[in-house]
Each structure stands twice: as structure tokens, then as C-alpha cells.
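Read from first to last, the chains carry the letters A, B, C, D, E and F; within each, the first residue is number 1.
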Amino acid sequence: MNSELTNAQRADVLIRALPYIKRYNNKIVVIKYGGSAMLSDDLKKAVMGDIVLLSLIGVKVVLVHGGGPEITDMLGKVGKKSEFLNGLRVTDEETADIVQMVLAGKISKGLVALIGNMGGKAIGLSGMDGGMIEAKKLDEKLGFVGDIVKVNPNPILDVLDKGYIPVISTLGYDNEGNCYNINADTAAASIAGTLKAESLISMTDTIGILRDQNDPQSLIPLIKVSDAPQLMREGVIFGGMIPKVECCIEAIRRGVKKVFILDGRIPHSILIETLTDEGSGTMFV
Amino acid sequence: MNSELTNAQRADVLIRALPYIKRYNNKIVVIKYGGSAMLSDDLKKAVMGDIVLLSLIGVKVVLVHGGGPEITDMLGKVGKKSEFLNGLRVTDEETADIVQMVLAGKISKGLVALIGNMGGKAIGLSGMDGGMIEAKKLDEKLGFVGDIVKVNPNPILDVLDKGYIPVISTLGYDNEGNCYNINADTAAASIAGTLKAESLISMTDTIGILRDQNDPQSLIPLIKVSDAPQLMREGVIFGGMIPKVECCIEAIRRGVKKVFILDGRIPHSILIETLTDEGSGTMFV
Amino acid sequence: MNSELTNAQRADVLIRALPYIKRYNNKIVVIKYGGSAMLSDDLKKAVMGDIVLLSLIGVKVVLVHGGGPEITDMLGKVGKKSEFLNGLRVTDEETADIVQMVLAGKISKGLVALIGNMGGKAIGLSGMDGGMIEAKKLDEKLGFVGDIVKVNPNPILDVLDKGYIPVISTLGYDNEGNCYNINADTAAASIAGTLKAESLISMTDTIGILRDQNDPQSLIPLIKVSDAPQLMREGVIFGGMIPKVECCIEAIRRGVKKVFILDGRIPHSILIETLTDEGSGTMFV
Amino acid sequence: MNSELTNAQRADVLIRALPYIKRYNNKIVVIKYGGSAMLSDDLKKAVMGDIVLLSLIGVKVVLVHGGGPEITDMLGKVGKKSEFLNGLRVTDEETADIVQMVLAGKISKGLVALIGNMGGKAIGLSGMDGGMIEAKKLDEKLGFVGDIVKVNPNPILDVLDKGYIPVISTLGYDNEGNCYNINADTAAASIAGTLKAESLISMTDTIGILRDQNDPQSLIPLIKVSDAPQLMREGVIFGGMIPKVECCIEAIRRGVKKVFILDGRIPHSILIETLTDEGSGTMFV
Amino acid sequence: MNSELTNAQRADVLIRALPYIKRYNNKIVVIKYGGSAMLSDDLKKAVMGDIVLLSLIGVKVVLVHGGGPEITDMLGKVGKKSEFLNGLRVTDEETADIVQMVLAGKISKGLVALIGNMGGKAIGLSGMDGGMIEAKKLDEKLGFVGDIVKVNPNPILDVLDKGYIPVISTLGYDNEGNCYNINADTAAASIAGTLKAESLISMTDTIGILRDQNDPQSLIPLIKVSDAPQLMREGVIFGGMIPKVECCIEAIRRGVKKVFILDGRIPHSILIETLTDEGSGTMFV
Amino acid sequence: MNSELTNAQRADVLIRALPYIKRYNNKIVVIKYGGSAMLSDDLKKAVMGDIVLLSLIGVKVVLVHGGGPEITDMLGKVGKKSEFLNGLRVTDEETADIVQMVLAGKISKGLVALIGNMGGKAIGLSGMDGGMIEAKKLDEKLGFVGDIVKVNPNPILDVLDKGYIPVISTLGYDNEGNCYNINADTAAASIAGTLKAESLISMTDTIGILRDQNDPQSLIPLIKVSDAPQLMREGVIFGGMIPKVECCIEAIRRGVKKVFILDGRIPHSILIETLTDEGSGTMFV
């Protein structure tokens, strides 16, 4: 598709990236990756390509991934049914085991391998590695669904310092040897906050926050944290978007400079957002 | 059991460890961990305790683990039967997926968590992390059973350099995105050789190599690599011990100073071997 | 002009730059800058933009500039006529003074200021700074026209190490306190060779080497050093291009991996050459 | 004597040392060494062995030694009689000379040699080295008995940083070139305080502080600094123990975490105190 | 002239330099260099010799130079007449160009070459290099005469850190690409203040501040900053010395420890002031 | 005595030191110090002043001292008579003890204190410190007179690296805990050779090597190592000077660039030799 571009156009795209490269140089960007963008092989490659590119031009990328659909899939294979309580999966010990295997064994290491094949260097970390995420039960009735007690940034910083992209599975541990499943949006916000990241990019299956659900042109490009409660009351932010937005607000509150909700279904939406003067999705400040 | 010891005896044990601590100070020791020592929770804690202790007194411990029984167990849960060819599991893509999940997701991260709970710091690495183990098919008929093409020591050294114990799942990758299951003994020997480790300790379910199978007192404490072929011909080294011994010989050949086959069923056999003037098992030089 | 591009096209240009960014990461690229590209303010800005961009994405750019027309201009202002001998300016002490002022005072510092205004960091160095270029008279009749005795790479490497782009005026010194004017092509080749640069990019006022002077489509994209003598004999390489090509060959011979002759009249020809799969000009290997 | 221990008992002693090794890892421990423990060759070897072991497992040991009996011995040899005032030796210039020779020449260098023979690395420092201890006269009548003006921790930290055990003779200097003899307990407390040591271990010729002098079972294992005055009033702390306890209190007051008074006559009492869950002697907190 | 000195006298001079060497060791000394000391070749060599010597014994020398007479000279050569306003040269764009060439091209690089020939290592920096001096117009009527907006100390510190003597031309830049001529005394004071220099040495064509203009014996060796206004009112400080003294006071106010006005016409006045117990000129504190 | 010098003369002495400072910058100079220069307090101060000055201007000075007269003196005090065999003191255990105390306790620490009082930083090292000098018996009949087995340069380099002047007592140790007295000239040559020192300066009580013993004007300023045997045969080098010269030759043979024999009775002869174009004494190359 690029074939019709002139060299001048190519050069123009690159040279316009200059101020953005300068802005993000040596800064930490946390990317929360999940949903459709993770299920399509083509989108997955595009996202990993974007990440390797950002990493090469000096951005310290931290990748935090989810994996709900693959967990459900694996639970199905072993014939385990999940019960849900307020949208959260009741996680008994056997389920926690499957979650750990799918997130830290399959998805994380799969992304690491894909980054490697695209020319980058990554290490897959879970919340247990280096004592990164200490957790406790969120609610006795939910079993091993974790509430973050403390994020230890050192394993992430050590891995970044050695030039690797950390690929993080949002599991947590406690001192009795239990493993917890932690919501990836919550964990990404908490990690970004602890790292005082320059930005947190959250990939979703929507085009961002729309003033009118029926009108894709009504995208709200920028939301001030102080205006969010009003937008929730008005129903502009609603349903599954509410906890996501709450995570965004929490991240800002803890020192992240900018938070973006991007449409993960658009290839290279990360590059477009970070390295061009175009934007897609909604930014919180 | 320690309660009857006098302080003088305690001090004596500690002070006699001095020359051994000095010898291993800042040296790399690769421990291949598998078999019974991994299935019993008590033994597992004892082994992790030994590793944390060695790490604290300045030894650079690299832990390489296996996981055959747990793989079989998980394959059973998803109703997948394994076919074997010359003792090796035919590994189709679905099986490779399960192997990856069990090794890198469950066992590795479980050991990491246990090390953390005992006061150590560990990071779980697979062969994909940082491009550590490149592999190719060992035999087309075996599917994704891997033959090591190259070991890249940098991810291991980087993680050691930051003060973590690397806990390695012996998976391999190729440039087409495949994941391979690699025999843990082979991988441990190859890793120890690449790292020019001071020693490789291989934990087994036997008490070492016996001259007379029926006489546990006939343990051979030391075998010169040059004498091994004769011992194989004589049937002293036989059956499943042959490939293990071949790995030991290969490690020595690639520059590892000493290789030990230890009885993993004895608690703290690692400490006894490394920090006391007693030994258990067989040493290859 | 970029306005008609879609986001997908923009992303595509960026993502295709990935392998090139990886290739040049942390490598030294020497750019010989002169001719038309230096006289037009727009082209000058475009070149400096390219250099700042390369520098930001991790390329160690060394800029070597010429300045013949501006020297002629200044000599005119002070009413000094230049005599030429075989195309080289006879340089008496007064002329040498003017050359030093124009190169090290005006052009070098002007480029440094421009790089600064575009978001980069540069330091202007002459051959005297840190004892970089020791020279002697090329020919007694030419006066202070210098022949390089030795290039000391340390001032360049020190300045690169601190994160600055060195902007080099090709003056030389001797131990009697004389200052020499050195041909910029020769100096750039010598500097690139001493630095064992990844590549040397020489900007000219031609589109590269054409097989047929009258046919711009007949550009020879790649010349093996071993084929150059034949091309000179055939007259394909001729006139003022001969010394330039000889410098290219000398650079290759001294360890530079690739040498490019680019058309400096095309905006962003450096970016197109280094970060896209398009090329312009001729490459020597 | 160890010969009757089983391997399991040996392993048990080592593994129980783990939390203690962890606690003291990279921490500074100051050991005040004198009295009987210094006069018996066997005890001296035992103490140096303990120190080398602690040093090898990552403790930063600082050894401060006394030497009263050897000074008296040497003064005898040169036919010099000492006068005492309130238990302190009146130190004229000739005596100060002898003190300096015995402490810095004989004892310090002898301990350094012994540490070397046991596999450790030490450097003998006096208060003059690197300007470590500035002193002034404690009392005009006592001559060159020193009162500490300032401890400069840099020579100690520099020597530790290079991996040596500093062995310190408690001499002091002033700006007029005089050398002072300083009480070793006082100096050790002052050094430990300046270094903000993790602990100060003071070796004595008693088993610790006894509630009833006639009952060795009445050892007080722990004394709060705030309770010490009452114990002095009650006569539980009395005689020569009073100034020692005052040094312990002063060390705690200046930031040392824990201070121990150990019985130097028991071999390896340092190891038992620091690396086992047994204790001997009295701890101040 | 040295030939009549005895070795004892030579040694005495050197040994008396000891406390001064100690005082200035690793400290930053800014030298403002201009006037007669710059016009005589012998004096220039003497000053550069002093600077190389100071640099070799561990002083971090920063050289700030002027160049009024050489600018006037060059303007004359191109037939450009200067107009003056309150003693300041009206600087149109063409004049600014000449100033830049003379200062950054001729004088700075000439001093760099001279330092090199005397065994030192220098790099010539202008206010544009590394974005060192941001400036704006001092007065619209004066054209490109600059008023300092901000001094960025990093290029100076980076160059010092790599072991070079920075030789600074007092030019400034703004974000529109203009180049400004800045008074060297003002710039030196501002640079010394930003660097928190140990001392600022200002070389002039007078022997210092005299209480009685007609009596060279009436030199005031030391002036407290608080006494300066009174001395101005009394006419002791008058004429061209007033702005110089104001720069000295400004430097003291911004954290420079000591400021010296030295007679640049006396060879080696810098050495005499810094390394002997003699002084020449006037010191401000 | 300096009072009659003009400032110009002072400056001249300093500026002439420049090339010498440059030559010795960051180089190791070993000074063997003994004889009369050590017995006079004034000369001692002068020597220490020279050493502090050299250290401050960037020379890495290593001071090796002797102490024969002070040993004899102390042996006298304890009523111990020395027997001599071929000019070497028969050293029984008691004598060895006294030697250790006098060298490492009195002289070394005394010099350290003096250096401190003159503004330098020193640490006194003996051959035991850090395992620096391993020795064995030179001759059974001589007792603890040592022959050097090996010099370990690390303690010297570590102490230099931290900015201290090592002051070395030439004692040696063996693995049985014995302490040996080693000839200071031999030890200095061996240390200088191991350190590949730039120069070794040996202070003696003569004015150097004279062609005619009765004519102080007949000093031989330079001797080639290859010419020394002939000079010995001729009797120009004779008596106690022979072993000294043999040490000088040995040092040159082991890689020391230049060796000087200086007259220690002349104040500041070290400074005159190293920092002026005058010389005193004899140089071996």
C-alpha cells in the first residue's frame, strides 16, 4: 500500500516524527494490551512492531497484557466451568493454576517470542518475579482474585536497564505462597503510577469515548480528569468503560502525565498516537 | 533435630564451610532440578532453601528445571494422550502449547514465588526470553522436540548481574515463531558449558552411580570423563543414566570445571555437597 | 503535502523504518556536507532536520562540512584574489586566516545553532580542537593547503559520548602553530576511516554516478570498489567526480562498511537513504 | 568433634544460618577484640576464622583491637615502669612510642597476617592512616592518653570498598604531630557510631552481665539502654564493666542498631551470636 | 633569567606552591582574557602556559576571551565602519557575522591551537555550542548586542569532564537563529556564577585598583563587595573600570568565592596570583 | 631565603615545571627512602613535602622506607645484641618482632602522620597487608631475613586508586605465619618492577656515583645498564653502592623506565630531580 508514496512523502512522515521522538526519548510508556488486538495474529504483529520500533528509538516500553478469552478457552479444555460474581470470575485454586499457566506461560512468553522475531529483546515477567506485585484477596467470595498491596518497581527497572522490554502478566503473590489473578487494567494503572510513567496507553475494542454512541464522529479527544464524573453521570462513560476510565484517572492521580484509550482494532494505532500529529482515541490529562 | 547440638558443634559446621564458601565465591553454579526432588513439597522447600543460601553467600546460582510428570498430568486433564518414540514424547502443536504453559507458567513461576517467600530474589526465564535458546526440530517424527542451535548467555548474565536467581524453563524458539520442548539435562549441560560454570549439579532419583546395583555402599564418588565409556561398556552406567552421564561429559568437555550427580531425595544434598567436606553422589571431572 | 496521507500510510512509513533503525543503532555515520545543499536555507534546514532525527533515534552522526563558496565570498569582501593551481586554491597566510574564520567561525557555528534550533545538541570542532587533525603542507607551492598527517579520534568520540553531534571544520594544525585548509572530502574519508564508521554519506550536486550522462535513469546504484578503476577508464566516472570517488574508495579501504554518494539537492535524501527501502544516489561497497 | 554429626545435622546448621546471613548481608559489623581472646593462640585463630567467614558471606567486618598486656610486656622489656592514675596508664612520650609500636606494628600486622593465612584479606590501619582519628589530651596529667576529637570514616570505608577487612589500632594524632593512645572500647564505640554500624560486638573475659555474680545461669540476655542506669545503681553492672557498658550505650545512642557483650573465652562465640539462633552474652538495644 | 637561581631556590618556589595547589585542586577557575595580554604574542604564550600548567595540576580552567581590537581590525579590512552608542558598538547583521567569525573562528581556535602546542588539550566553544548562552537584544538601537537570558553550564562541564580546557567565545543565540555579540566581562561573570566557580580572574591593562591614580604603590589589594559603592562614589573606581567591577560584584553575588583583577601586562600574573604567596592586582570578596 | 626572588623568577620556576608535570602525570613513581634523609627531622619534612606536592599534581607516589638505625636503637633499648653475617643482621624471632614493631609501628605510621600534617593522605602498608609480599628465608643462618617470593601489587594499587600514598614497610610473610625483614632497596626494586613504575628514586647518603671519589665534580649523571659491569670492574661503583646499583639494574630489567640515585642529604632533591631541568645524582636507563 505504501508503494504509491513518493520519497518526499516518506521523508515527510519521518521528519514530522522528530518532535515526538524527542518528547518520548528515554521516557517510560506503559502499554496495556488486550482485547481484539490480542486475538488477531495480524494485529498482534502490528502492535509488537510498534513496540519494537518505540523501544529502538529510545522509549522505555513496558507491556502489560491481559488474557481473558484465552483463560476461558483453556478452562473449557479442562472442563472447568467458571462462575461470575459482578462480572468477576470466581477463582478457585485450580482456576488460579490455569490462569497462571495461560498468562505467564502462554501469552507472556508468546509475546516475548514475537518481539524477538521482530528484532526486539523482551523478558516475560509475572507479579511473582523479583517480588513485583504483592496481593491479597479482593473479596473472600471471589477466591484468588487479587487486590494489589504493593508494586515493587525494581524488577521492571532492572529489566529495562539491561535493554529488555518487560512483558508483564498481572499475577500477584502473597507470603503464604498463593497466586492471584489481577485485573490487567488495574495492574497497568498501578504499575504506570509506581513508575511515574510519561504515559499509559490502554488498548480497547472501542474507538474511544463517544459523546453519542451512535455517531463515530462524536469522539471526545481529550477529557480532563475533573470532568470525568460528570461524563459518567451523563452516561457518556458507561458500562465496561467505567472501570477502565477509573483506572485511567487513578493513573493520572498517581503521577502518570498522560493516559490514552486507543482503538486496538486499528493497526499501528500506537505509532499514530505517539509519533504523528494525528491522534485516535481519547486522552486523559 | 538440631536441638541436641551444642554451640561448639554448630560453630564447627559453619567454620568448616569457610574454604567451600571461598571456592564458590562469585562463581556460577548451574543446578539441574527435576524428578522426586520437585514433586515433594518438603524437598522442594529444602532445595529452594539451599539455593537461596548459596545465592546469599555470593554464589551465582542458575536453576534449570524439568517437569515431565506435571506435563503428563496436565495433558491428562485436557484429555490428550502422548505417544512416545524411543522414550521421547511426540510433541504436536497442542502438546507444545501445554508444555510451554506448564513449564514457563506453572513450574518456573511457582519456583520463583517459593524462592521469594524464602528470602531470595528470582526471575523466571524461558528459552524465548531475550532470545536465550534457539532450537530446531530434533527429529521430524517427534514434532516440536527441540535440538539446541545456540545458547545466548546474555539474558542469564544480565539477570544474575542485577542480583536475581534465573529460573530457567528449557523451551526453545525458532525464527518462524515455533516453540520447542527441550530435554532439561541437555539444556542444563549446554547452558553450563556456555556460561563456563564452576560446576553443574544434576539432581536425580538415585544415590549416584553404584558399582554394584544391589549395594548402596558401592557408590563411585569420582569418575574421570575418560573412564566413563568403559563404565558404560561394563554396564555400571546403564539405562536412563546413560543420557544423563553423556550430558555431564558434554558439560565437562565444554569447560565446566566439575559436574555432580546428586540424590535429590536427600534433603539439602546441595548444601552438603557444596559447603561441607562430606559428599553424596558422584562427581565427574 | 503530507495532508493527504492516511494514518495507515503514515504508520506504514514508520514501521518500515524499523529494520534500518535497528541496523544503524549506536553506529557511527559520517556525513560530508557541502555544495548546493549548504547554500539553500531550505535544504540546509532539511539536512539538519535529518541529522537531528538520526541522532535522536540512536545514530552517532558526525557532520563534516565544506565551504568553498563562502570562502570565495569572504575573500572577495576583503579584496583578496585567489590564484588556483590544478583546481586547488593557493593559500597564503592571510587566506588561511580567512578560511579558518569562515569555516570554524561562521559555517560550523551556524550549523551548530541551526541544529540547536531544531532540537538537537551539537558542538563545532575544528582540526585544532583537542589536537584532532595534524597536517603538513601538501605542496609548497599551494601554501597552507594541508595534507593529513594523523587524525586523533578522541575529541570526536568524547563529544559523541557526551551526546553531542560533532560538526567538523576541516582545518589542520602543525607543531609550529600553522593552520591548514584541508579538502573536506579527503578529511571526511579519513575521519570515517579512523572512526571505523558504519557508513560515510557524501552529499553532492549530482544525482549519483550515471552510466550515460544524458540519461538520469541510468544511475548506477551500486559500485564495487574493485570495479571503480574500469569505470574511470571508461569515462563513466570523470572530472570532479574522480577525486570524490577516490575518497570513497579510500574510506572503504580503511574499514568504513558502506559509502554513499547522494544528491544533496533532494530534500531529506539522507533520511530516504538511511531509513527507507528506497535509495537515491550510488553506494560503494 | 564434628565427626559424629550426620549430614542432615550439618545441613540443618547451615540452612538455619540463612535468615542471619540475609540480615547481615552488606552490613557493617564492628568487632572490639581484646582480653583473653587475644592472648591464646587457639582463640585468636578461632576469632580470625569467624571474621574471615563473616567477610566471605558478605558482612563488612571492621576489627578494632586492644593490647594492654602486650604493651605492659614490652615496656617491661625496655625497663620502663608505668604509673597509673584512676586505672589509666600515664603515657609519656617514650611510652607513647612503645604503645604505637606494639599496637600498629606488632598486634595489628600480626592479626592481618593471620587473617591472610586463613584465606581473608586485611589491611592494618591506625588512627593516623588517612587521618582517621583526631585526638587531644584527655587529661594533662595522663600525658598522651587521647580523647577522640573526630573520627573520619573514609579510610575505613575505602578499605572495605576494596574488599579488605580493616584491622584498627586505636591510636590518634593531632596537628602538632603527637600520637595518642586511645582506649579501645571507647574508640570501637565511636567508630561504630560514625559508621552507623549494624552491630558492635565487644569481646570480654566474662560471660556477660549476670544478675547474680555467683550464678552463671543468671545471665541477662537483653538490656534496654534505658534500664542500664538502674542496673548500675543496683550493682549488677559494676567495676570494670561500667565503662564498657557506657561505651555500649554511647554506640547505641549514636545510631548502632545492636551492641553485644560476648564471652571471648568461648571459641567461635561471634559465629554463634551472628549466625545461629543461639546467643551467648548480653545484647543492648 | 632563571639561570642564576640555585636548586634550593627552585625547590623552595615549588614547595611553597603546595598549599595553593591543594586549595585549587579539582576546583573551577574562570579566566577572562583580553586586552594587551591578548595582543602580544609573548604574553599570549605566557598566559596559555599558565593555563596549561594549572590544568595539569588539577585545576578545572575555563577560558573566556574577548577580541575587540581584532574585530575592529577585520571590520576595517571589509571596509565596514562601526558606530558606537555609549561605548557599545552598533552591530548590524553583517557586523554580527564578522564578530562571529573573528571570535569563534580566529581567536578561539587560535588559542586552542596554542594550548595544544604547549602540551594542553582544549576545545573552542561558542555560546551556540550545546545551547550554552541564550541571549536577547540588549537594546533595539544596538542591533545584535546581546543580553544574556540563560547560561546552560552542561557543554562546559561536559568538556571539562572529558579533560579539555573550554575556550569560550562570548556569542549568544536566540530561537530565531540570530547570533549576538556579548560583552566578555559580563559573560565571564555570568558563566563563573552559573558554574559556582572557586574564582574568577579578570585580566586587564591596569595594575589593579589604585587609591591614587598617580601612585602605583597605592594598589588596593582587597576590596569587600560592600565597600565598592563607596569607592565608586569617591572616584577611586572610575571610568572603564566601573563596569568591570560591577561584573566582579555580580560574580561574587552569584556564588563565586573570589574574584581577581590582574594586570595582564605582567607575564605569568596568573601563576603568581594562584600558586605563590605573592599577589598582584586587586581581589574582591 | 626565597624572599629575594622576584615574581618573574618564581613564575619562571613554575612554568618550567610544566613539561615534567606532564611527563609524570598519572604515572607511578616509587621512592626508596632511608639513610640520613630519614634521621634529620628537617630533611624528613622536606621529603614528605616533596611527596605531598608530587601526589597533588597527579603523580602516583609509592613510598618504600628502610629503618636500620632505628632498629639498632630499639634492639639496644631491650638489651639485644645483633650479630652480623656478610653485613646482614642475623634475625632471630625476638629480633624479627622488634623489626616489625619499629618498621610497621613506628616509622611507617610516623611518616603517615607527617604526610597527613602536610596536607596529604597516606596509608601505611606492610608486606603482610593484603598479602603484599610473600617471602622465604634468604639463608638459614640469617634467620628471618627474607627473600621475596612474590609481590602482589593489588593492595598498593587499591590504596593508590582511593587517593592515598602507600607508605610501605618492607616486611614479608610466609604461609606458616612467620614475618621476615627484607632489605628495603631490594624490595623497592621488586615493587617498582611489579608496578611497571615510570621511575624509581633511591635516596642515599652520597651525591651519586663519582668517577673520582675525591672529586665531587666528577659525578656521572647517566649510566647505561649495559655499562654498569665495567664500572664495577673499574671500582667506580664499589662497596655498599654495589648492591644498590644491582637493585637499580634489576628494576630497569623488570620494566621500570628510569632509576635515579639521589643525594638524600640535599633538601628537596626529589623535586629538583622530577620537576626542574636540573638534576642531582645519577640516572640509570
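Annotations for the structure displayed:
In this section, contacts are C-beta pairs under 8 Å (C-beta built on N, C-alpha and C of every residue); 3 or more make two chains touch, one makes a residue touch a chain.
As the structure is a computational prediction, the values presented were derived from the model and not from experiment.
Hopping across touching chains, the smallest step count from subunit A to subunit F is 3. Taken together, subunit B and subunit D share no touching chain.
Among the remaining chains, the Cα-based centre furthest from that of subunit E is the centre of B.
Greatest Cα centroid separation from subunit A: this falls to F. Just one of C-E, E-F or A-B has an interface built like that of B-D, with over half of its contact pairs in common by residue number: E-F. The best fit of Cα atoms from subunit C onto subunit D calls for a rotation angle of 180°, in steps of 5. For the pair subunit B and subunit F, the distance between mean C-alpha positions equals 56 Å. Those residues of subunit E in touch with two or more other chains do not exist in this structure. Taken chain by chain, the contacts form a single closed ring in which each chain touches exactly two others. Chain order round the ring, anchored at subunit B and oriented towards subunit D, is B, D, F, E, C, A. Across the interface of their complex, subunit F is touched by residues 74, 77-78, 97, 100-106, 108-110, 112-114, 116-117, 121-126, 128-131, 155, 158-159, 161-162, 164, 171, 173, 175, 177, 179 of subunit D. Only residues 1-2, 5, 7-19, 21-22, 25, 46, 49-50, 52-53, 56-58, 118-119, 266-268, 271-272, 275-276, 278, 280 of subunit B touch subunit D when the two sit together in their complex.
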